[in-house]
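This is the structure, below, for whatever I ask next.
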Amino acid sequence: MGTVRTAIPGLDELIEGGYIENDIILVTGGPGAGKTTLGIQYLVGGATNFNEPGVLVVMDGTPERIIRDSWRFGWDIEKLISQKKIKIIYANPFKYTKFTKTPEDRTPCVIVASKNIADTLRQIQIEVEEIQAKRLFIDSITSLKLAVDRTDVRQIVSELIKNLEYLDCTTLMTSEMHSAQSFSIEEYLSSGVIRLHIFRAGGCRLRAIEILKMRGVKHDESLHPYEIQERGIVVHSTETVMNDKISLFDNMGW
Amino acid sequence: MGTVRTAIPGLDELIEGGYIENDIILVTGGPGAGKTTLGIQYLVGGATNFNEPGVLVVMDGTPERIIRDSWRFGWDIEKLISQKKIKIIYANPFKYTKFTKTPEDRTPCVIVASKNIADTLRQIQIEVEEIQAKRLFIDSITSLKLAVDRTDVRQIVSELIKNLEYLDCTTLMTSEMHSAQSFSIEEYLSSGVIRLHIFRAGGCRLRAIEILKMRGVKHDESLHPYEIQERGIVVHSTETVMNDKISLFDNMGW
Amino acid sequence: MGTVRTAIPGLDELIEGGYIENDIILVTGGPGAGKTTLGIQYLVGGATNFNEPGVLVVMDGTPERIIRDSWRFGWDIEKLISQKKIKIIYANPFKYTKFTKTPEDRTPCVIVASKNIADTLRQIQIEVEEIQAKRLFIDSITSLKLAVDRTDVRQIVSELIKNLEYLDCTTLMTSEMHSAQSFSIEEYLSSGVIRLHIFRAGGCRLRAIEILKMRGVKHDESLHPYEIQERGIVVHSTETVMNDKISLFDNMGW
Amino acid sequence: MGTVRTAIPGLDELIEGGYIENDIILVTGGPGAGKTTLGIQYLVGGATNFNEPGVLVVMDGTPERIIRDSWRFGWDIEKLISQKKIKIIYANPFKYTKFTKTPEDRTPCVIVASKNIADTLRQIQIEVEEIQAKRLFIDSITSLKLAVDRTDVRQIVSELIKNLEYLDCTTLMTSEMHSAQSFSIEEYLSSGVIRLHIFRAGGCRLRAIEILKMRGVKHDESLHPYEIQERGIVVHSTETVMNDKISLFDNMGW
Amino acid sequence: MGTVRTAIPGLDELIEGGYIENDIILVTGGPGAGKTTLGIQYLVGGATNFNEPGVLVVMDGTPERIIRDSWRFGWDIEKLISQKKIKIIYANPFKYTKFTKTPEDRTPCVIVASKNIADTLRQIQIEVEEIQAKRLFIDSITSLKLAVDRTDVRQIVSELIKNLEYLDCTTLMTSEMHSAQSFSIEEYLSSGVIRLHIFRAGGCRLRAIEILKMRGVKHDESLHPYEIQERGIVVHSTETVMNDKISLFDNMGW
Amino acid sequence: MGTVRTAIPGLDELIEGGYIENDIILVTGGPGAGKTTLGIQYLVGGATNFNEPGVLVVMDGTPERIIRDSWRFGWDIEKLISQKKIKIIYANPFKYTKFTKTPEDRTPCVIVASKNIADTLRQIQIEVEEIQAKRLFIDSITSLKLAVDRTDVRQIVSELIKNLEYLDCTTLMTSEMHSAQSFSIEEYLSSGVIRLHIFRAGGCRLRAIEILKMRGVKHDESLHPYEIQERGIVVHSTETVMNDKISLFDNMGW
């Protein structure tokens, strides 16, 4: 089975070289942890360094916002779009529809109007085929869960994940982590789960990454510091975070 | 993308110069933390120092009360209203309607009678256009959430936030924080979240501010002390609060 | 805006001289903390020392009981009633109606038979006008909340508070505090909240008062000891309770 | 107002001489704390030492069982029944009705067959008048709460307590305490609450009593050890239990 | 009133010689604590040493399984059955009915097919009369609670216990303890409750028994170690477990 | 009764030589603990070393995935299938059905299309008979519980376990452990429960196994370290994990 490079310096080493081809990996953490950044870096790195086109499914915010936030790291997503290395699907269930203002300078993307997950899946299949994408990034599962009735959440999330398993893409998905202790169906159904923590140590925050699970891979089991630097996320795989250093509370609280 | 000055001394430094134009920032904290003060200071400072008109949406208390509480800091909101630099929308879902007593010396404001969020949004659009406002402050989301059925909260809050994203205003909103650990939809959907904590240290309280998230900004990640002084809130950005100093309990309790 | 003296020695100093006229202040604490005593002292002190008549709304227990418990402090409420300085409204939703026994020596008071909050509000307005009351004390909001369906609590409490805001009275209300951490709608909607704690220190109890919030006032933020003495409650405003002294548990438990 | 002696050595001193006449006092604690014993001792002591007849309402277990368990302390309840100093009402909502076996040697008592609280109240009134009882002991409120629908608990308990307030009896009631932190309507509506704790200190248990509230009384506020001795409960009112001695967990757990 | 020997070495001493005749005693603890063993030992010991026949009601697992697990201690239940000293009622609500395979070597027992508790009670009465049983052991109440609708649990458990009170048998019942802090109706309605704990001390487990309540008995109140030895359970009544030795978590977790 | 070797070095010693024939053993733990590995090793070891054929029921993931993940340990499941020593039933309730893509190189297995547990049970019976299997491994109960309505979980899980008790197979089942403290019906109904913990010690993870219960067996009661090595799981039965070494939080969190 092939390996797909993470495009995050220091992360490949923790998972025996990369994600397993066609797997579904969940990236979870609190607000500001860097989940979206890790996924965009995965797509941009894949397109730029490994010639692997990718599809971005925006369920949180807007394509324009993500593109703008990516300039900070020197990533020119619009150029990659013009080179047909990245395609964007705008499937935010909370997208604005009331006032008929069309944003100027709209990023080229495909808009999925319906809230039905089957329509989004169909569009994903279309876009993946169109640019022969090998990478897929969905940001984020939490938006999807918030937009549907509580009683439907399980069924819709499992339908999404099960269908994604049959794409010829290696998928990253993000999900907001409320509490390290709660059970979420997306963590259960994913092949791999990466957690991004923000701990408090002294008066500052300390970011730490851990591989919670990665099926079929003898993955690293420690907490490693990571940083959001000028060119994106960097994991310090040779350093470890000792748990007597960190405050009991994650960035979810004190 | 432009930056909007916070008008809080010491706060701009924590978020690379100011809020991102047209973003929606949530200010959250317990009772007495200074959420309303931070928002009023944002509007008054914007009107007075940066020539940026602003709209105030009162969902908690009354316009008269807010104006009176602002005299303490030397802010003359009624004068700014007469100069068309501030407009007030009174949209408190709990406003008094029973006894037909009209308060004397009523502050000029627009009253939104209905509880329908669409009406409030429409009025916001009207007032923003009238004075060409660049700043918007909504106090507070919590009142809105308390006034509707629990099952409608998510939908109404997300409708509000999503519509605000398309205004040409940079919006601050306040929300009461019950517990640092709970998930709230307004925290999730906002671009930025600022938390105002009141910790107990020894026998006194210690106020501390932190930037929980600020999308697209390399924001400060520490706890900094702030004070409510004579001219408003001041953040001591060069000092940090160490978490071994503070009591485990936030001002929510002991 | 005028200030209304608390009539509690040591308390005025903590809130810049007194309550703000026409505000609604919530006094909260566990059983035996002294909530009712603080409110009766407010009324009796106001009538006796400041010539400010007051109305007492009894929602917990009976007028006879409150009068009898007040003798302990040397307060003669029946005399103040005869002097038209205090009026009592008996609006206990749990009042006895089954057996047709009329208590002898009944204290002169107005009985509100219905459980409808509008009737109680109407009666309050009547009594306030009759003696030109400037002070109002409602004991307690908790009885009201227990007497109605859970689903109606929010609406009824907010209706009560919102209507009281338009009276020309400064209102104190009591409420039972189960846990320092829970959110209550009356705390949220009141202008001020005073908490009466009973901590355990060593083998004895230690009473401490704190001003949780007081809108528009630069209030004290520490824990101060208070005592229930022979003439009523006394706050030791120059002393502070350090939180390493006190047991983690409030009088709610251990 | 008169005082009613508790008949528990050491307890009167903690509450200024005794219970206030006609008050309703709740005795709460975990299993084995001695709640029933404290109530029986109150009745037997009242009948034997103070010539105050009493009525016992058995809602938990059977009259036979209570009488048998009282022999241990040398209390001959059946003799007091024959002397018309004690009357028993058997109102256990869980009483056995299926198999038609009548227990031999049945203790003389009045059986309330219905589960309707009004019938029990009526019977109480009858028995109280018959022997001119001044004391009433109901064991226990918890049985009553378990026997009715959850949604009716509040209404039924408050109906019971409110009707009891109009009897010419001083009433003790027992209630099982699950957690020192939970709110119970019977604690709220009673005039006084006495808590019987069983703490763990070292490898043994340590019993401690505290007066949580006693309206109108300047009651003791410490934890005092008590014992179940040969002649009943004895409170060591001159000793105090320091809370650094005791394990954090009450007898509810570890 | 007579005393029934527990048949557990060391246990009689903790409860003044034995169980009170005709009482209902609950034995509670986590998985592997030895609840079933304590009950079987009670029956086998009663039959073998005190000539008191007993009835075993199997609601958890099968009679064959219990007999097989008892060989380990040298107890030959099938021989006691042939001697009419023990009878077995197989009333497991989860018993297998689908595939028509009849287990060979089936232990002689009476099968209660229905799930109706009245049928089980009737059968208990029949079997008790047939061998003039003085002892009854029901394993376990938890199975019964799991097999019925949540809303019926209280009513069914109380019906069971209340009917058992009128048998001429001393009954032991087992129940699974999830948490030492939760309230269970079977603990409340039983005359006695024995808790079997498994604590963690260092890297090993430590078993400890405590008598939580035993009505009418001046029972021991400490934690004592017990062991499951070759001939059954042995309680070390002269030793005590100090609670600074044991880990905070019971065998329910860490 | 016979004993079935676990095929895990070091584990037999903890349970007196092996699982009891025809028992149902639950293996529980968090993500990445090694539950599936332990079960596959059980089947492969049984087939390879003890000539005991086994049936694998895949309810989580796909047969292809499990086979691929097993290569890592040198287990050739497809060869064992061709030798009729292992059979696979693919009964994943979440299996993909939407897009009509048939995976190439499909592993020979029997697909149970329906979600009805009776169909799966029937198929298990068929496959067990076909190869005269003595071992059965179901991975995992959690998938089954997630796929059905919450209200049906108890009934379906108990139906499954109860039917399995009558097979001539010794069954291992896996289940995801959310919290060491919660009650699960599969833990309750299984004869044995093995827990795989991942603790944090310092900056690394420490895997530890414990036998929570094993009916009829005098099982080890300590925490022992285990590792996932090159040839599968190895338990270090002569070493113990002391609980002052480990962090309070299991791998469920911090």
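Every chain is named by a letter (A, B, C, D, E and F) in the order it is written, and numbering of its residues begins at 1.
In this section, a contact is a pair of C-beta atoms (placed from the backbone, for glycine too) under 8 Å apart; a residue touches a chain by one contact, two chains touch by 3 or more.
What you see is a predicted model, and the numbers here were worked out from it, not measured in a lab.
Shared contact partners of chain D and chain F, listed by label: E. Counting every residue number used by either copy at the chain A-chain B contact, under half are found in both chains.
Distances between chain centres, each the mean of the C-alpha atoms, put D farthest from chain A. As a whole-number value, the distance joining the C-alpha centres of chain B and chain E reads 61 Å.
Between the CA-based centres of chain D and chain E the separation comes to 31 Å, rounded to the whole angstrom.
The set of chain B residues that touch two or more partner chains comprises 179. Taken together, the touching pairs link the chains into one ring where each has two partners. By the touch criterion given at the top, residues 31-32, 61, 65, 68-69, 72, 94-96, 98-99, 101, 142, 146, 176, 178-179, 198, 200, 202-205, 228, 247, 249, 251-254 of chain F touch chain A in their complex. By the touch criterion stated above, chain C contacts chain B in their complex at residues 1, 118, 121, 125, 154, 158-159, 161-163, 165-166, 179-183, 185, 187-189, 191, 193, 197, 212-216, 218-219, 221-223, 240-244, 246, 248, 250.
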